[in-house]
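In what comes next, chain A is part of two complexes: it sits with chain B in the first one and with chain C in the second one.
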Partner chain A sequence: MSDLNEHNSGWGPLSSLPGNPIMWVLIWSELLVFGAALSGFAVARMLDVQTFDASQAHLDRFFGALNTMVLLTSGLCAALAVRVRSDGNSSASRWWMVYAILIGSVFLYVKIIEYGDKLDAGFDIETNTFFTLYYLITGFHFFHVIMGLIILAIVAWKNSLENLETGAAFWHMVDLIWVLVYPVIYLVR
Partner chain B sequence: MQAKLPSTRRLIFVWAVLIAATIGLMGAGRVNADIDLGSTWVTVLLVLAGAKSSLILWFYLNLRQSSSGWQKGFIAFLCVILSFILGAYYLTPAI
Partner chain C sequence: MKYETQKLAYPYFLAAMGLFVAQVLGGLLAGTVYIFPNLLAEAVPFNVIRMIHTNALIVWLLFGFFGAAYYLVPEETETEIHSPLIAKLQFWLFLFGAAAAVLGYLFGIHEGREFLEQPLWIKVAIVVVALMFLFNISMTLLKGRKTAVSLILVMGLWGLALFFLFAFYNPSNLALDKMFWWYVVHLWVEGVWELIMAAILAFLLIKMTGIDREIVEKWLYVIVSMTLFTGLLGMGHHYFWIGTPGYWQWIGSIFSTLEVLPFFAIVVFAFMVVRKGGRDHPNQAAMLWTLGCAVLAFFGAGVWGFMHTLAPINYLTHGTQVTAAHGHLAFFGAYVMVNLAIITYAMPHLRGMQPYNQVLNMWSFWIMSSGMVFMTLTLTAAGILQTHLQRVMGISFMEVADEIGFFFILRGLSGVVVVIGVLLFVYATLSTDKAQVRVGGMKPQAAE
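Then we have the complex of A and B:
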């Protein structure tokens, strides 16, 4: 995140952050929203631990871990796209972003399978508090993944360094949130 | 401020550490067993999640190039959220 910083001097304290300051405002706001949601989830579990643990047993923990690795790998590709673009290699940068999109799409595929399995088994958003929060939190994240893939596609097309840095930052934020969501919802018991 | 991007080698190394930490998380979280983890393993899980988040912030989002105030702010935020979740776990009555 290099060129942008020369233009960020009017952003006050935000100007010391690498990349586009607006993206950091978004990152902070998303962390606050998901932080509050996960805290709420933890408190709800505390109030009804039997329901939460029994419901959590129906989640596929392996799928969750697989999706973590998928997002981390896609995030690496996005980071490499920015890296090679800063070295002046526009074509390689575009290809790395395409890889990031393709690998990131696997997350959606796995999640759709997972949602399908749960719905087929009769667990929907109204089943109980656990599944309400599960669908709301992971569904909101799912929406961010879709938005992230669209943004990555746009910046792969219009691949200035500024665009790539901003798009990759959004994608890393999506990655970061899942790294927090996965253990709290799928594993803690 | 002229921010310096992490090298390709470093990005790949960080990715390898993140994948290894995810495998560690799977082990600590006993993904294939329906057993109560207990407080020690839940603490390990959340510490690993915090470490992974910090690596993403530090290298992928390149927070290492920002001021120490922002760095401390993000790390403190992660600590508060994960401590709250861990605190809720410790306060959960045993079944």
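Then we have the complex of A and C:
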């Protein structure tokens, strides 16, 4: 890990990317999966606009917007953690990662309240295609937020620059996916 | 062959080839029953013939994997196998279990659950065999050099044993029964066996092209991560309309579509390595099987799998001959060919024969592969016609079976070609050419 360039050489196009090259394989795979799921959502909506619009009206756009802000802020903290680490400030970098984790955890809290509301109102994964996809896509994303927080905790602990870049890359992907999920599922009419 | 214990692979490869012959003969017989439906209906009913065909396949592939592990782990770890005695005991126990199972099937002794028909005591014996093997290989790995190839191979083999444990869980609810049933053979072929296959191919490519191990290992990591990412949830494409919740249609469709990627990566990897490293290794036949495996695995598992993996398409094709077409080319391309590749590579070393007796082996490659590809095409045509007549037009199953009978005749003929290819392979692997000399026999000798 000490010599970054040597460690990451020979990976072809992946060599020039920050962090561990295998993380980028994962990121591309994730983008493909969520891309396919959101495309599937768009097609399913086209086939049954009425049900989708009626179901979408039950979602809470405020919670969605709040969580967008939460993830972006957390992402900023993770980016700053990498920035200060590359300037050589290891302990400040740790603190930025801790902020990223704390703010990121708010996302889970908000989402759990949101899921609880939906389930109380009687909307579950079998209600209709809209809710099947709502639960699958946001649930799969939720799982990635949990994974991301664990990864951030690990790289805050073992905070070499390469590890921090790897963790931050994953975390930004989680951001990016939410920024696509939110408009497609919550906003588009 | 550098290490004395590599020769432990020899009986495993022999048993694998023996059961391979039994498997394709069973297949030929089953294919003939499709043409003459009442053939042997009383003596050996179709379900028993099919059982022998599928069980022999899986068991010989396992013999091949065990053999491959005993052959390549010493070279990779640069140390002898931990206990040759365990390896020999394991061989005889497994062979006895396999023979007892087949014999039992002929007398109607089986548990009926597809692919898991073995009586309970044989299942237990399989677990014992697996544990002996894993203990032996893991101990070898622990004391020796740890390479990506051997680690991934062993990881795949542990996964194989782990998922087999679901064979013991048989809930009375039919939907749950089916749900866990898929864990055994299908989390193998779409998950852990792919790791085994990638590791064996990587070993062969390192040996035959002399390419830098570091490059191969990087590819291996990419392939393995893609395999596990897509394959485990991609297995959800088996959960369409079998009583499982509807969301599996989305999970299965999306992830299994991406299962094409690791297979495509293997093709790119194999050809890139050969282009960079050169293909002037004297064992041309092993090179042919290695590259053929990458290509036909991509078509059989990847392309033919994708063909009917999306839920709206599978709604029509579920359980038709399209599935049979995919199953045949996927098993052949991925797991039969990788076994034949390592056997072709290792046998001349194990038997100490030089130079390689290749021409016949390469003929068997082309004959067997053409037969399998033609069989796949006839089954695909039968499947498409069947889907249209039965599922779209609503004609009854038996009437449709008559309509697609012509394709079963063609399939039967391609089966004959495959059997000829298999017999030729076995002959080519075990025979002694006049031009060959025995160099050192089963004794250790300098590495290639």
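In this section, the second predicted complex is superposed on the first by the 183 of 189 C-alpha atoms of A that agree within 3 Å, B and C clash if a C-alpha of one lies under 4 Å from a C-alpha of the other, contacts with A are read in each partner's own complex, and residues count from 1 in each chain.
Simple rule for what comes next: contacts are C-beta pairs under 8 Å (C-beta built on N, C-alpha and C of every residue); 3 or more make two chains touch, one makes a residue touch a chain.
All values reported here derive from a predicted model rather than from experimental measurement.
**Student:** When the two structures are superposed on chain A, do chain B and chain C clash or fit side by side?
**Tutor:** By the criteria stated at the top, chain C and chain B fit after superposition, with no clash.
**Student:** Look at the residues of chain A and decide whether chain B or chain C touches more of them.
**Tutor:** B
**Student:** Could you work out the angle between chain B and chain C as seen from chain A, using CA centres and rounding to the nearest 10 degrees?
**Tutor:** Approximately 110 degrees at the chain A centre.
**Student:** In the overlay, answer first, second, both or neither for which of chain B and chain C A:88 touches.
**Tutor:** Neither chain B nor chain C is touched by A:88.
**Student:** For A:125, select first, second, both or neither according to whether it touches chain B, chain C, the two together, or no partner.
**Tutor:** After superposing on A, A:125 lies in contact with chain C but is clear of chain B.
**Student:** For A:75 in the superposed arrangement: first (chain B), second (chain C), both or neither?
**Tutor:** In the superposition, A:75 contacts chain B only.
**Student:** Does the superposition put A:26 against chain B (first), chain C (second), both, or neither?
**Tutor:** The answer is second: A:26 touches chain C but not chain B.
**Student:** Tell me the contact category for A:133 with respect to chain B and chain C: first, second, both or neither.
**Tutor:** Touch partner of A:133: chain C, not chain B.
**Student:** Once chain A of both complexes is superposed, is A:187 in touch with chain B (first), chain C (second), both, or neither?
**Tutor:** So A:187 only meets chain B here.
**Student:** How far apart, in whole Å, are the nearest Cα atoms of chain B and chain C in the superposition?
**Tutor:** Minimum over all C-alpha pairs: 15 Å.
**Student:** What part of chain A is shared between its chain B contacts and its chain C contacts?
**Tutor:** No residue sits in both footprints.
**Student:** Which of the residues in chain C come into contact with chain A in the complex?
**Tutor:** Touching chain A: residues 214-215, 218, 221-222, 225-226, 229-230, 245-247, 250-251, 253-255, 257-258, 261 of chain C.
**Student:** Given the complex with chain B, which residues does chain A contribute to the contact?
**Tutor:** 1-2, 5-6, 8, 13, 15-19, 27, 31, 35, 38-39, 42-43, 45-46, 49-50, 53, 57, 61-62, 65, 68-69, 72-73, 75-76, 78-80, 82-84, 86, 168-169, 172-173, 175-176, 179-180, 182-184, 186-189
**Student:** Touching chain A in the complex: which residues of chain B?
**Tutor:** Where chain B meets chain A, its residues are 1-8, 11-12, 15, 18-19, 22, 25-26, 28-29, 31-32, 34, 36-37, 42, 45-46, 48-49, 52-53, 56-57, 59-63, 65-67, 69-70, 77, 81-82, 84-85, 88-89, 91-93, 95.
**Student:** Report the residues of chain A in contact with chain C in the complex, numbered from low to high.
**Tutor:** Going through chain A, the ones touching chain C are 10-11, 21-22, 25-26, 29, 32-33, 36-37, 40, 125-126, 132-133, 135-136.
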